[in-house]
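Each structure below appears as structure tokens.
Same chain, two partners: chain A is paired with chain B first, then with chain C.
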Partner chain A sequence: MKLEGKRLIWQEYQKEIADDHYFYARSCIRQTFFPGAEAVFVKILKEELGKDIHDEKHHTSCTGIGYHSDVVPFDTTMTVVARQFALMTEAGYENYAASCVTSFGLYTEILDTWHHFPETEAKIREFLFKATGREFNKPKNLAHASDIVYKFRHQIAGKAKYKLVDKDTGEPLKVVEHIGCHYSKMFPHKGIGGAEYPYVLSGMIEAWGGEVIDYPERRHCCGFGFRQYLVQANRGFSLSCSKKKFDSMEPYEPDMIITNCPGCPMFLDRWQYALSEMEGKTYGKGKNGIPVFTYEEVAGLIMGYDPWEIGLQVHQVPAEPLLEKIGIPYDPDRKFKGKNGEDLGMPESPSYLKFYADK
Partner chain B sequence: MGELYNRLASDIRFVESLKACINCGTCTAICPAAEFYAYDPRVVATTVQTQDDEKIRELLGSDVIWYCGECMSCKTRCPRGNAPGLLIMALRGLSQDLGYFTESEKGRQQLAVKRIIGDQILSSGYCVRPDIVDPALHPEQGPVWEWEHKNLGPVLDKLGANYNGDGAGALRKISDSDLDELKRIFEITGGKERYDNIEAFSKLKADEMGLEFGTDTTSDYVQHIYTANNQKHNHE
Partner chain C sequence: MPKHVIVIGAGPAGLETSANLAKLGIAVTLVEKEESTGGHVKQWHALFPALLPGTEALDAIRKGMPENVRVQNKTTVTGIEAVNNYFTVSGHNGWQEKADAIVFATGFQLFDARRKEEYGYGIYENVITSADLEEMFATGKSLVNRHGNKPERIGFVHCVGSRDEKVNNLHCSKVCCITAVKQAIEVKQMLPEAEVFCFYMDLRMFGRHYEELYKEAQEKYNIQFIRGRLSESAEDQDGNIVLKVEDTLLGKPLRIKAGLLVLMVGMEPLAGTKSLADKLGLTKVPDGFIQPADEVLQSNFTELPGVFVAGACSGPKSVSDTLADARSAALAVAGFLKL
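Showing the complex of A and B:
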């Protein structure tokens, strides 16, 4: 399909994204594996864009991973989500911003369920009141955090120090975008660009100077599969899904992968390591692998934030080749140091993937 | 129309997921699980549509309903707007309510999921926390994770988290009063009952298999179900 055709499809799937005053709900997985990404998101919104974002201390997990691994019933999950909405209401906010794609999909599913089954909403309101004494308003606007970065992508580009461009050739970097399945596969109209041609990350990549790679398995799941990764006996499923994507994108020689789901970057990063150890196979040039980033990290990078302050050292596939290609300076000696330069030791070098700590 | 079918039909996910499947197989074509496992979501939809309790009973005790990864790719592509992934969720719920999940190798894994993720939600307020991702159990996480896991406090501090701290921020400690609210929600809405069911039916199976049941993830039974793979789940 020609690019013009895709753009027409994208235009059919636009959504309203609030301009300011967000109630921010954090993600269990993003906090666990990429807490720097959430810190960058809050920093950019507050300090670079001057937006009001409420960081709520009382919210808990939405139970989404428990729900999608089927140990938590739907009524329980809906009531926990209703409690999050109550916290938003009590804090005086109407615009809900979810860091997690599983949560975002779940909120979307629950609001849709309540729309079609108002008696279920009434039941959940009763459950919540009985359990906590809380009441709630539904969000006027529900966005995934990537929607918000998409909305302000041009303002971010306007303040950026760097572009997704090869500093030597001036050519745009070739970027794979990977959208978390629950962002729009269930409810295409709730995602920017829909499910077949989601534009939320493509829009950022284009605005920041890169070129999006269109490869055959672009829409394939990363392979989390909830119980398929959580239980060790099932992990072959997870690994196989990621491998299918790597094999499909490899001929296009991507410089980087950008994701909007908290789990996907972890899997696409770690499974490259696992595949290299299992088969001696690496997917980037010179045994570098293909570095994988969250969209917040990429926004932070082009804004000129220090790579080790935003957390690129906790990625297994090294980011250094990309930093060098763009021309972003970094201090290799500080990569694995603590906040005040304290010595925290060093990870072991993988057998095949290139290791940059001892450069 | 049998009792099992009626119970399935009372699940709102079932109502939302199955409107006269036309057996086109689009769901199977797009399904990542169908590519990896000997799994065919079209057959699951067809079986449920027969409303034959004997066939549904067989599904509830089989490995088949545990192969789906709930990515919901099927929902996007189904020309009827159906969602076999949601149908699977209804089947899994019923299988756990009735105890049939312990009859299959993949179904038995639910106790491990309950003790790893389910218990974590109630004890910490998070589905996942860095301290529970033990590098010894997750070799695929690699040496950088192993290094981070050894240095969680200083690394998370550098990355702006509020690890186990009071107040807002990433990985903050969820207060006891917030956890109490979560527990009450689980008690009132059936979440605790689901957990108790998984434990009770799994205990019966552990006794039958002669394996120590325990109360955490280190027990012989959990270690068995967490790692057992009879290699009969994939395509020939």
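Showing the complex of A and C:
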């Protein structure tokens, strides 16, 4: 591996990311899957970096999952997205920050479509006005939320309490970075680092002290793939995709996986449980699997946020062994307590993949 | 006053054009940006289909070069101007001459394989180009990969940078198919135990004896030809290249590990050719290759009287086609000068 070769490519794929004043559009599924991730993003931007971020309450799904599953027509999708832009315009913002990779890809695709086919944009403006009476400006800057964290990765590192480093050996943690397919595979120049060797997460990992693993199935889909999962009969494909990735990364003994997409951490996390039940196999050292995180959760962890405050208790693969490796304190008794100390109940223990640190 | 022609580029096309012009009594200045003549063939170990060594081919072309050919080496042409019925050509180092006619013999440049990012050239150590492999043959290096191991499996990827809309090259580079067959055979001769795979989309065996060589590659050397383009390559912990490719004849995806991956890089128009053509006001340079006045009837003429093309600057050509084209160009120039 010649890192200088990658660096040459990374130089080619850089993009402008707004410095402040973001209109934030959340994902439809992330708050269920990884409930703390978006809250951590907003907190870091507002409280740590002093940025202005508008957390819009009235936006809807972008329809991306329906669009890519062929159940929502493109005209409908574009009109829904036009409404999101109208909300941004009404709130007085110009910089659109999408939490979801599929939304980001879809917004990029729509803006590109309108660029090449202005008559389509005119038609959608008419649809939106007839349906809602709204008008809109197109964003001056469109970024995925991971672009923004990438932009401020060094400032975050400067404020961090911890590094992605083994506290006992001082060695960098081995980190798998997994990029959502819709981040840059459709429009390589819209993603940091391009499509083949994306840098958006690698840049964070480097800045925060970790070491990135480049394993053969690095580019492969996480297993969500929309119809692979949404059509029940196809779920074997979904599971196979994830298994292919785990088998490929396993020899590198990764300490953790970091992702930037709503679906990827869900599937890379939960399918480790499914695979362990099916095959009796757990990946990673011990019987705890390879923990999977969103980049916001990792940013929160190194900033010293309480692991249970940022929602790590809802991960299938437990985070505790990694917390111990880094030296991040946690209270095991609070893992399944709710926000006000209410008892959430202990989940049933899986047969193989332990949800607590296996010592 | 004998007529004077400036030939730009001293690869096989420029050398052969100059020699033939000189034999017709024309004074020739052959301008070359490098120190020595010979172009890409200098680095080429052996030419298909008969494995003629590149140095032997060049020696034969250079042999008997008439005295009225003057080589202006280490000179990059930076300016051309048409003035009345002659041309003024100038170089970066202050050199300047007038001529009655000009021949573009600027050739081509090899496709930069790093632009096919998914193949990993410049990133994965055991991904090399056909030019790198030829250099290994030429320098007599033993065929080991960058990790010092004899590769047990070697893959050749055809059409790298050719017939590929993604890199804005629609043209076929013509020589890569047969070069891959030639190189695959040479590899098998050096490493008889190795498995060799060629991944192709079409095999264009248009030249004399090409088809025979392709057949020999399969029957005598057991080289596997798989119709399918590589989708991506990656590196495993041992430095092997993990290939993902579809066998489109079987309709099945394949995943293969290779110790060495060779990318058959195609020809691209030389970056400087278009800017020189622009200086002259040549408009027919659609993709960077100079388009002749008529591709069938006037293949060495351009739209400007007195400006001619020879060799691969007007499109990819093999060495033998280049030499024939160069002789034809010399006759076209002589006709223009009414000799």
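Basically, the second predicted complex is superposed on the first by the 355 of 359 C-alpha atoms of A that agree within 3 Å, B and C clash if a C-alpha of one lies under 4 Å from a C-alpha of the other, contacts with A are read in each partner's own complex, and residues count from 1 in each chain.
We adopt the following convention: a residue touches a chain if its C-beta (ideal position, glycine included) is under 8 Å from a C-beta of that chain, and two chains touch if they have at least 3 such contacts.
Being a predicted model, the structure only gives us computed values, none of them experimental.
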item	value
Touched partner set for A:196, first chain B, second chain C, both or neither	both
Greater chain A contact set [chain C / chain B]	B
Partner chain in contact with A:74 - chain B first, chain C second, else both or neither	first
Partner chain(s) touched by A:58 [first = chain B, second = chain C, both, neither]	first
Which superposed partner A:274 touches (first chain B, second chain C, both, neither)	first
On chain A, the residue positions that both chain B and chain C contact, one per complex	195-196, 219
Chain B partner contacts - residues on chain A that touch it in the complex	26, 28-29, 31-33, 35-36, 38-39, 55-58, 60-61, 63-66, 68-76, 78-80, 83, 105, 113, 116-117, 120, 127-128, 130-132, 181-182, 185-186, 188, 195-196, 219-221, 223-228, 230-237, 239-241, 244, 270-271, 273-274, 308-311, 313-316, 336, 338-339, 342, 344-350
Partner chain A, residues of chain C touching it in the complex	114, 117-118, 122-125, 232, 234-237, 242
Chain C contact footprint on chain A (complex, rising order)	1-2, 5-6, 8-9, 194-197, 214-219, 251-252
Chain A-facing residues of chain B, complex	11-13, 16, 32-33, 35-37, 66, 68-73, 75-76, 83, 89, 92-93, 96, 106, 109-110, 112-114, 116-118, 121, 125-130, 133, 137, 139-148, 150-151, 154-161, 166-172, 174-175, 178-179, 181-182, 184-191, 194-195, 198, 225-229
